[in-house]
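The same chain A turns up in both complexes below, where it pairs with chain B and then with chain C.
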Partner chain A sequence: MSAGKGATVQDPPVKPVKGRGPTFVTRFLESRHLGWAGLAIGLLAPFVIATPYAMDVMTSAVVFVMLAVGLNIVVGYCGLLDLGYAAFFAVGAYTSGVLSTELKIPLLATVPAVIVVTVLAGVIIGGPTLRLRSDYLAIVTLGFGEIIRITANNLSITGGPSGIYGIPGLFGDATSSQVVFYYAVLLIVAAAVLLAARLGRSRIGRAWRFVREDEDAAEAMGINTYKVKLAAYIAGAIWGGLAGVLFAAQLSAISPASFTFLQSALVLMAVVLGGMGSTPGVVLGAIVISLLPEVLRGLADYRFFAFGVLLIIVMIARPQGLWPHRSRER
Partner chain B sequence: MMRKAALGVALAATALTASACGQGVLGGDSKKDKGPILLGMDIPLSGSSADIGPYMKNGAQMAIDEINAKGGVIGRKLQLRAEDDACDPKTAVAAANKLVAANVAVSVGGYCSGATLPTLPVFDRRKIPMIIPAANSTELVDQKLKHVFFVNGTGDQQAVAAMTWMTKSGAKRVALLHDNTSYSKDIAVRTAAELDKPGGPDKATLDAVNPGESDYSANVANLLRSKPDFVYWTGYYQEGGLILRQLRQAGYKGKFMVADGSVDAKLVKIAGGTAAEGAYATMTQTPDTIQGAENWIAGYKQKFGADPGPYSTQSYDAVRVAAEAIRKAGSTDGDKLVTALEGINGLQLFSGPLKFTDRHTLTSGGFVILVVKNGKFVLQDALK
Partner chain C sequence: MLEVEDLRLSFGGVLAVDGLSFGVGAGEIVSVIGPNGAGKTSAFNCVTGFYKPTAGRIRIDGADVTGRRPSLIASRGVSRTFQNLRVFGEMSVLDNVRAGTHLWLRQRVVDALLHTPRYRRSEREGTEEAHKWLDFVGLRGDRAGLVRNLPYGEQRRVEIARALARRPKLLLLDEPAAGLNHGEKAELLDLIRRIRDLGIAIALIEHDMGLVMEVSDRVVVLNFGREIADGPPEQVRADPAVIEAYLGRDADEAEIEAAREEVGGARGE
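So, the complex of A and B:
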């Protein structure tokens, strides 16, 4: 209370909080040019190091970014906890792998078929499950993830446990250079990241966020939540499926061992670590999650121990993610 | 706009300075022709098969030390470079690329068939010969890659060995059980094909389990419904031990046999001493079963303070084969090495004198039958 002369000037009952204007750091982090800077770093990286190992690890990281950005649409934008995302990754990889080896066509030519099949998979899996909420959705998606993997393990067209091998490269030439492949993957993924970010700011992106914040309120406002959620699921499926195509091209062999629950969990970890719903955050998270085990290779047996400890430290220090999303409507 | 341009210039400058080190795309090819010859090894050092990695690494290291003590090959020493493939295809490809980046002359690794499969093109494309000591799924052989060689018996050879023993031991109805991994299914399906041929024992059932579970009683009950008097498990030892124990608990009195992936002391431990007693195994020769290998085992123990395990001898042999090929070729050039490898005739290995078939496999798998006696695998029949 003020102890001024008399009671002529009264303090306002609540001190007006002076909003903290955007600091330099936040303005820097929100800058749109940053995406282009990131792409530039990706484009220039092979000039720094282009050993086969480095190119392989970088290509894996970029493919992983695609996966994480896809899952971000489902988990980050729309708030649907999906524990079986590797299912779509597998569907994409297997569709392109089977088609390209059976019909002897380059992988790029299988992309339309992959999109059709992943959309179908999204509808088949999402149709019944998206009527569920929260925990129940997580459990059912977990189940579907395992169903897809075990199906692939037992079908003969998917090559059973040894999978499909001898998959041609993106352009049909298996011997194309790793650097060319890296650039192709980088440009495709950059376009996908941009598209996902724009999708998040679009009309349907706002609907997704509304559903995430309060599903009942969204429904009351006239949003068909079921359709909107299914759209998010299908978008996530397409991104995952296309990442699968890139994965098949990179490894030239795919087997059920690559699509375990651990894979789903790692992608989810990338999304949560980076900051749910934030495109730059998720890209950063994916890069960290995919590069960290390789960086820690020197620790041999303690590799995953160190990986786990580092992740726990990050989540304690930054529970909102490395680079969280700041809500703002323009 | 200015800031962006400045950023771009700065980035480009950093990149170009760094690429002067010679590792970027603009850098030259820096193949070293001096210093030690590197032998690469992709093996599981973490994950479900992490136990096997050290056995293989030590076996290979032992051969390298022996060769180096005699002055190396073509005037250069050998050096081992082991990378963890975690038995996972993606990690294995990264590890293989790491070995390629390190300029290895020959790859002497490969245990899990599923993880080894995608690494084949990585090495083959760069003309680096692979001498695979353990991974033996027939799918690896069927790729018919020019630079890939096998010093372990293959799945079909193991199936033939299993069939021979089943007939010899008087089995009537054989139940086959695999764990749906590449290696395991390969042997089971090939054995089933052998059983389906007229004559000899019949196939009772061919079934699969999901690896990594802690209870197989449902699979066991299903298996016993087909009334087998001989069960052949072709997966790895964790599940094998459990299945054996549960079979015995369910009152199964017939014979039990495992394939080489299950030959490990842990199988006996998991199954429990009495349950495992009398279980057979199809196995390529191990140090324990090779006559005259006592000195080798003693040397291994002294060096690493542990007993050799499965695939120690094959890894040891893979290195010796690689050294022999380099010696014959007089260089580390991939094409010359392949010619030299194809020309090797009569190099004495644990599995017998070496001569590669035109499929780059051993002429005979060298499979023998082991039996668990007093809690240890000992030789039952050399199948000769």
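So, the complex of A and C:
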């Protein structure tokens, strides 16, 4: 490895890691097959417990995973603090809900329209706000999140405060079994997780991380930071919007009460708790955040108190998240 | 290559750069020197788009880029390093250098989503390029690990490798020798020459006179935002205005002679 004058391209020498080699556990946790293991757990879960309540909770958890993975693109990869992520969730849910009930079409047929509308929403919200930095951006996204919710609350096409009823299922009939729906959602979300992770390991994904680390240095390398941030915002919007479609399909009714600031905060919490920028971490974080309140149901009134205390304990014990982004390349 | 014409930059009432003109020709090494606060870094920031100049023109290969955003100027073939080291600390060394490949790596979002052959090819190409430039700058240390775990001198090399992976026509180095020890400075000198041998023009801000006198084709001297000298190193070294700028107006003959010795002594290094 001399500073040769010719600078010939050599095969990258694999440098031995100093000290102990990776343990079995580390190797497993960084293995490429980990995603398959996670999917297998999801596929097998209904064989363990398949009561209507459990299926409902599990489906919600999987939809929540999709939200968290989408927000991870914005917050984890690109470092843009978005406090109004539920806005995109709402835009997706309402777009598919309104179209499917008005036009009497299956929810899946609304997906192209949902993508178009969420991209538009991403451009409209991101366009003016992404020129701002950190704290200002957080405040403005918080405002937009509320604007979307209040708009839905006041328009007649969105059904006002009572929302939209009778949304058909994914394939057009609302009566399909819960287990079938769970598997459909699981496969869609698994694909969404895979695609988000692939985005993170690409030219654009690296550009997002460069922007997060140092905007000026990224600009100096020819990265138009504004465009790259807008791209992250739009990607996050699409993921959030599609999660909204799944949400509408699951509940068959949506109302503004589902898209409050608390929802945005919970998704953000899943990202931070799991480990910003880490796909397995964020998936784990989302599952913890969505299942923990159900597990704690036995505590009755103290449920959310215990939930809060547990979150604080986790963040003190593991400030980098439950499963942080791996810091070295393989 | 680079032409700066009558550049002016004021912050409020303070003129940081006051009518600076200089050029860098293809394959040339031009140093910009001057006392602290003379406006060297401000001028660099104008050239690379980080500051918008109050007046004046900046041209790259004849095209006017005055006041354009840094990424556009970078896309015209200009690359830079920063005075106070701006590496992506929480990313791997390889990823840092891959930042330089952003502008020319042919990869679309669809390729990344579907892992097309084009994706694999471009990723391999980017990694090979990163290794190539890390070899070129002679990086010692772990390339897969975080850049912030490297010693300072090695981080400087990573920053230069990142700028080179941009495949620039013009490279601006802002005090590359700051904080380096004697051995590292000698290696830097060699590195700057090897970069020039690749056909890349270099503009250099540096306080280490030994290095400047040794490596430069031309030296531009700034004081209080104004250019006070521009010429080959021997000529600038003998310029009374330059010596005065470094020592102050009241320097007597003996002091000037001593300064001349000091600056001149650099020749032997």
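In the analysis below, the second predicted complex is superposed on the first by the 305 of 330 C-alpha atoms of A that agree within 3 Å, B and C clash if a C-alpha of one lies under 4 Å from a C-alpha of the other, contacts with A are read in each partner's own complex, and residues count from 1 in each chain.
Throughout what follows, a contact is a pair of C-beta atoms (placed from the backbone, for glycine too) under 8 Å apart; a residue touches a chain by one contact, two chains touch by 3 or more.
All of these numbers come straight from a predicted model, not from anything done at the bench.
In the superposition on chain A, A:N224 makes contact with chain C only, while chain B stays out of contact range. Once chain A of one complex is fitted onto chain A of the other, the partner contacts of A:T51 are limited to chain B, with no touch recorded for chain C.
Look at A:F210: by the touch rule set out above, it reaches chain C but stays clear of chain B. Of the two partner chains, chain C is the only one that A:L195 touches; chain B does not reach it. With both structures placed on the common chain, the touch criterion links A:S60 to chain B but leaves chain C unconnected. By the touch criterion stated above, A:A37 is placed in contact with chain B alone, chain C being left untouched.
In the complex of the two chains, the chain A residues touching chain B come out as 33, 36-37, 40-41, 44-57, 60, 150, 153-154, 160-163, 165-166, 174-175, 179, 250-255, 257-258, 293-294, 297, 300-301, 303-304.
Interface of chain B with chain A (complex): residues 4, 7-8, 11-12, 14-16, 18-19, 23-27, 45-46, 50, 83-84, 87-91, 93-94, 97-98, 100-102, 113-115, 117-118, 121-122, 125-126, 137, 139, 143, 180-182, 184-186, 208, 210. Within the complex, the chain C residues that touch chain A are 48-50, 69-72, 74-75, 79-80, 82, 86-92, 94-95, 98-100, 102-103, 105, 107, 109, 111-113, 115, 119, 122-123, 126-128, 131-133, 135-140, 142-146, 162-163, 166, 187, 190-191, 194, 197. Across the interface of their complex, chain C is touched by residues 1-5, 7-10, 12, 15, 195, 198-199, 201-207, 209-210, 213-214, 216-225, 327-330 of chain A.
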